[in-house]
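You will see two complexes here that share chain A, one where it goes with chain B and one where it goes with chain C.
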Partner chain A sequence: MSYDTVVVGAGLAGLTAALRLSERGHRVLVVARGVGATHLAPATVDVLGYLGDTQVASPAASVPALVSTTPNHPYAHVPTEQLATSLEWFCTKTAALGYAGSVDENLLLPTALGVPKPSALAPRSMSGGDLRAGGRFVFVGLKGFKDFHPTLIADNLNHARLPNPIEARALELTPPSSRLGDLSGRVIAGRFDTEHLIDWLAGALEHGVDLDERIGVPAVLGLRSGDATWQELEKRLQRKVFEVATLPPSIPGIRLSDVLSSALRDGGARIVLGVRAVGARAKGGRVEAVEVVNATGTVSYPVSSVVLASGGFASGGLELDSFGATRETVFGLPLTGLPDTDRVRFTPHYFDTQPLATAGVATDDHLRPVDSSGSPVYENLHAAGAILGGATPWKEKSGTGISVATGYAAAEAVLTSAPMPASEALR
Partner chain B sequence: MNDLIRDSLDHCVKCTICETYCPVSQVTPLFPGPKYVGPQAERYRGAGPSADSSVDYCSGCGICTQVCPQDVKIAEINSRARAKLWEKRGVPLRNQMIARPTVIGRLGTPVAPLANWALHNRAVRGLVQSLVGIHRDAPMPSFAGRTFQSRARRHHGPAGAPAVVYFHGCGTNYYEPLVGEMVVAVLEHNGFRVIVPPQDCCGLPLQSNGNFPAARTYVRRLVDRLAPHARAGLPIVSNSTSCGLMLKREAHEILGIEDADLKVVSESMYDLCEFLLRLHDRGELRTDFTSLPMTVPYHAPCQQRGHGIGKPALDLLALVPDLHMIELDVDCCGIAGTYGLKKEKYQISMAVGERLFKDITATGSDLAACDSETCRWQITHGTGVKSVHPIELLYRAYGLDRRARAGSVSLESQTARVSG
Partner chain C sequence: MAAQNPSLSSLEADVLVIGGGSTGVGVARDAALRGFSTILVERRDLADGTTGRFHGLLHSGGRYAVKDPSAARECIAENRILRVTAADCVEDTGGLFVSTPWDDPEYGDQFLEGCRATGVPAEEIPVAEALRREPRVNPDIRRAFLVPDAALDPWKLVWGCARSAEEHGARILPYHRVLDLEVDGDRVVGAHVRSERSGEEFRIHATVVINAAGAWAGQIAELAHCAVNVRAGMGLMIAMNHRLVHMCVNRCKRPADGDILLPLRTACVIGTTDVFVPDPDQTEIRQDDIDLLLDEGEKLVPGFRQARALHAWAGVRPLFEDTAKVADTRDVTRSHALLDHSSREGIAGFLTITGGKTTTFRLMAEAAVDAACEQLGGPRPCTTAEVPLAGSESHTLYQISHRLAAREPVPQSEEIICECELITRSRLEDTIKQRDTTSLDDIRRLLRLAMGPCQGGFCIYRAAGILHQGGQVDHAGANQTLLDFLEERWKGVHPILHGDQLRQARLDDWIFQGILDVEHLPV
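Here is the complex of A and B:
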């Protein structure tokens, strides 16, 4: 089958780029080693949470400052208007999850450790946890559910620096027993999907929670039925209810991945997991085909354009070998942000600035990876997401924002350079 | 190679993505999940078997390996651990039996009417369940009575046309010979001469049931039959996705077979729809399709997705006028070859398939399409909806059924009648 664009990577950046291209008529193939980091991240879109040590109230107002101090930051290649457009577009495409928020102001949502985290967008099942206005909160734990401790959340939030005072407390509930032994988030979410666990939860919360308390529950209210369960719960309890992101696996993240993937499938795009893109056949500075290893061996997919969204070190888009050499694993692209010395790759303190923290590919304004002279390596290869160098997402709280913004921008760049898909032209 | 597969466990970052996808651990506590049983427990297995036998509840669907973002060969590790377990304990008689489809096929074919009566008889099935351990309700296909091999021997294709080798698998041979005839007809319609070498089981059921030595014998025997054709540069096509995957990858990655014959066969293997789509890409597929005004849900089986070739069946069927395919988004039907036949695993297999059954039923269609034979039988068993290989839709769209009806072949029972 011939495809107009091959997207490498099925994380948030890859799915975003693929969906944008697909809805504009490109025939898209997504190839990935496995599912992306969507399944680990909490499904919020974090555009910019911190500028240095200062918490950001408005990403739209602070991104220009970030770009001026960090000119090689991925956002430097995304015009401010496009950043806003990409988020609005994202909200439309994920309407089933009802994303709330905007690029203009950050929500402050509690994490599973009780830390207020700034996010531009959050699914409506989570956005009710916004701590900015203050007030009374009750955090609900489920006995047997690992790594989610309501007392820890409440205590930490009661000590956190917040714009308005809050009063948080913990409540531990014991879910009805199940023949399924391990109470993982996935198992509980499955029970909400199939067993009407909502009846138990609504019943357990009806009494013992004041009318003015907002109720934070772990984000396990169902996988297929998550949003509906949350709506139903609010309706039954007549109180504000919100999901709190858990440790991985992230149920809201899987919902997001599912919504984007099914939109892609409905639009005729193809997603192939468990394969590995390993290189390009290039001619005259253009990628003519992407080489992919599947069960038989290496096959070539002829393309007009490519979006590389293979992730950073954690996802295997970048690799550091035991000799200290760093490489981009698919196309062997030149990298930026590598430390000068041969030996020093880590500093002893985990939370210090790590020498490789901003490693990645550098791009031009069309998000095309460039070589050291600043010229694009391939005319029709664009990059998006964590493979891009220049950012410190974990510190800036910018990872998912970069993925959505650059995924969208890379798609736009492809559309600008190849507005009429090749297959359209052939028909 | 063996070591490379096992060593991949060091890439595991405990992200739990495999656990969120495992269809088995979501419905039973007897299987604690691919991460626990795979990369985690494997560290403690060392040279001997694990004290923990929960790995036997892994159905071997392979989804964990497909979704793992770190390239950990979870399913392969688990498959080997299962073999180690049974090597020590001895593979139970039932598993030895159901893992040898050619033996069952040869025994059942000459006495097909009797065998089919027995397969559909509640009392007999109850007895078989208590004596042998095959669940009385598990979907069992009916013997066709005349094998595809015997039909193929009498068939004379066009001489002089470019040749393609057909690896039909046991399902087609003993239960669904008409599917094989459709494969041949579609390939001949596209100008090929179809070579059907004598062939036996690929060893996959034995591999899944933990008898690696016997599995190796079977796959080697099959490879011996196919290798001369592969060496002559001929493509080999298969409509059995799991058996095709056995030759493409699993015999090497799981059974650890390293030999030149297997390699050349692997490289020449194509899933049937993959092969036809490649023809289309080169502009060589005939597209004289007539209208098929139908809406049909399509399930890509786990083993089909293991090929990493996308969903060529959907791409092909998109060429058929007025045929609307619904791409289902469910990972597994639950049967996993012989897994769902077993008395102690039947309920698990049905619970795994529940979502797929619901989604198929929800489409309201009286027909479903799916590439793998055991999955088709499970779908029919779980939904009552007839389930066909995509080739049957292409065959009809080419109008080959009308031509056949004018001849002698009856097309009323293209797929095996499923009992249970």
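Here is the complex of A and C:
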């Protein structure tokens, strides 16, 4: 089996790039060490939530301002109309989860601490938590589930700065007895999948909640059945219900990862997890093959293009050793955003922007990693997602938006440079 | 010196102890056990100073056997006592002294001779046997010696003493700062104190005031115009993920920087350095010292630099230098100093106990209270060598598996709030209630909450929610202690962040900033 493109990384950026290439006829192989950070993060697509200290109402309107002050930001390599296109495309590919929202205005969704957080897109099971219109909310905790604290959420929301007044309260329910006294989100989601826990939940919420109250529940309504459970719950209760993302593992994130992975496999792409891409065989400024270590040894995959979506420090795409040296772990690409001196990697205040925060690879407008002179390292190597330098995603609330936009843009760049993949020509 | 202010409310006691480290709580407990009414004040939380920041070694005396024989004798005597009276605070790890390729193997002969002369049990074992016991230790070691070192949990020790003192009528007042000492003529008669929590100020009158403020003892003595020259020797420690060693492993050489690696509960700790600092409250961690410890760790355990470093912190040793030209300092040994200010400066009712080490805290307390007895109507016998601390009544030595063992009979009985340290919800809720605390950092010291590999990434959100749900704090209080905790935690995390622990830290960033968005909490 030969492949046109190898995508390194199975997080949101990698899956996005792979799916876009696959649907355009490329034979795609995704290789990754694990399932990717999608399993950890809420399934929202956060394009841009904050510009400095200012909350962003419209990402479409604010991304140009971000790019003009931060010219090395990943969004600088994604044309504005392509950013919108990528989100629309994403929504059609994830139709099973019913993503709501757009690049034009941010939803304000409550976090598990009761902070209104801006997101461009959210699955419909979560988007009903949009706080912008105000109103009455009840947050429902489940006894035995330690990762959701509704009294603190409600109390914080009642003191949050919001465009319209809201009134929030907390409610704690005791799920039907289980032999488990320590319930994880996965266990509860599994019970929604297999035990019709929805009957209990709908029954418990029917009385006790006013008709005009929106009901926030922890995002544990099922892994396979999550969206269906949510729809059924709204139907039975005749009230708006929404999930609130909480600590990892993220049930909505796993759902999203599953939807994208299934679409890829259905389209004929191959995903191999538990392996490690370790380098390239290159000739004449092009990657000819990607070297991948699996359980039995090293395999060399000949390719016409590569998308590197191995993530940042969190996912192992970047590494800092104890001597202060930072490296890109797959191809040893040049990095930007490194502090001037390896002595000051971090500053003593947690909420400062840390010197190493924007480290990553720099690219040209085709998202090809470049060296210090600005020339592409390899003609046919593109990068997407958290491996890209120049952003402070957790502060900007831009991580998943960067992954979708650059994953899509990297695929488009591959398609532009290699519209007729080698495998297609052979057929 | 404060003028008498009759409007202030006041408390009375035979003995007022200043300082809530191991020495202070040891003195308070000893005095209470001897039947004296006793009050202890500490400006912050108990064990917030040097005691809570030392490496955690219960010395066998081996480290001092060559350099300081009297300290070695004290250590082995106290080691034997604490294994019985403070059993719940001691893990009997055993100690290993090894000659690495960087150490002179002949020092081992001096070491054995020193141990023999000071009564520290030491036995040379074959290198192969040492490596069988400690497979990660450098395979090129040339000699190895067993000694009865052990790991000591400083917070359990201090709280065990404090609770024991309270059971005998003492009042233990953390977060109470001494603003001034009250001096009446040539006598210290009490202190002017402020509650750091409520802001309330009051006086405590006492027949004897015992200054057990450790590296801060000079600052306290000055309030009575007494000179106590304590220098602060800063020592750096790094906690590593997992127990790279199961015994306290020392380099067999004259004590120096970075020569000890010991297991402490679920982690292990490498120490230490020794740098004089002008102000014990200003302890800046320098990258050079981090590198020094990592390099020395690499000599003991190859691959040390690739292991996960969790947290770095500095403690300050109180190093007493007697500059006073008074012969009678009652300097019991070179390792600690008991100063009677009546003989030194003519100020009665005022004693300072400083220097020393946590291993010998009980002995220091005994000496201090013996001296206090002379001003309180005559000798009363000390019983701290026999009476167990609160929590150690069964004389059962602590084992790493204790929390797991407690959990095992009903493994799914309730939520585990901190998986790293196996802290259950009820244990957390009970502690919050008992301590009546609103601070996640206090809870950390009491339960080791957030001290494992994720450094609070998961449990701190849960603990803040539980603190708020219990009604201890309103939303602003919960948010503030959460933010304070993250800021405080970062001080110890950022100097050593690299490798896999940086991955962990980035996951924590995603949790706190990406998922929860703590930066925009209302406070």
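The rule we apply is simple: the second predicted complex is superposed on the first by the 424 of 427 C-alpha atoms of A that agree within 3 Å, B and C clash if a C-alpha of one lies under 4 Å from a C-alpha of the other, contacts with A are read in each partner's own complex, and residues count from 1 in each chain.
As a convention for this text, a residue touches a chain if its C-beta (ideal position, glycine included) is under 8 Å from a C-beta of that chain, and two chains touch if they have at least 3 such contacts.
Predicted, not measured: the structure shown is a model, and the values here were computed from it.
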item	value
Touched chain A residues, chain B compared with chain C	C
Touched partner set for A:Gly316, first chain B, second chain C, both or neither	both
Partner chain(s) touched by A:Thr246 [first = chain B, second = chain C, both, neither]	second
First (chain B), second (chain C), both or neither touched by A:Arg345	second
Which of chain B and chain C A:Arg186 touches, first, second, both or neither	first
Touching partner for A:Leu40 - first (chain B), second (chain C), both, neither	both
Partner chain in contact with A:His159 - chain B first, chain C second, else both or neither	second
First, second, both or neither for A:Val115, with chain B first and chain C second	second
Touched partner set for A:Thr353, first chain B, second chain C, both or neither	neither
Which of chain B and chain C A:Trp394 touches, first, second, both or neither	second
Residues of chain A at both interfaces, chain B in one complex, chain C in the other	37, 40, 179-182, 248, 314-316
Contact set on chain B toward chain A in their complex	13, 15-17, 19-21, 25-29, 32-33, 65-71, 245, 248-249, 266-267, 269-270, 277, 280-281, 305-312, 315, 327, 329
In the complex with chain B, residue positions of chain A that touch it	1-2, 29, 32-37, 39-40, 179-182, 184, 186-187, 190, 248-249, 254, 258, 261-262, 265, 270, 272-276, 292-297, 299, 314-316
Parts of chain C lying in touch with chain A, wherever the complex brings them together	287, 294, 305-306, 309, 410, 412-417, 425, 458, 461-462, 464-466, 468-469, 474-476, 478-479, 486-487, 489-491, 494-495, 497-499, 502-503, 506-507, 509-511, 513-522
Chain A residues within the chain C interface of the complex	37, 40-42, 111-117, 144-149, 151-152, 155-156, 158-161, 179-183, 245-248, 250, 312-316, 319-324, 343, 345-351, 354, 393-395, 397, 399
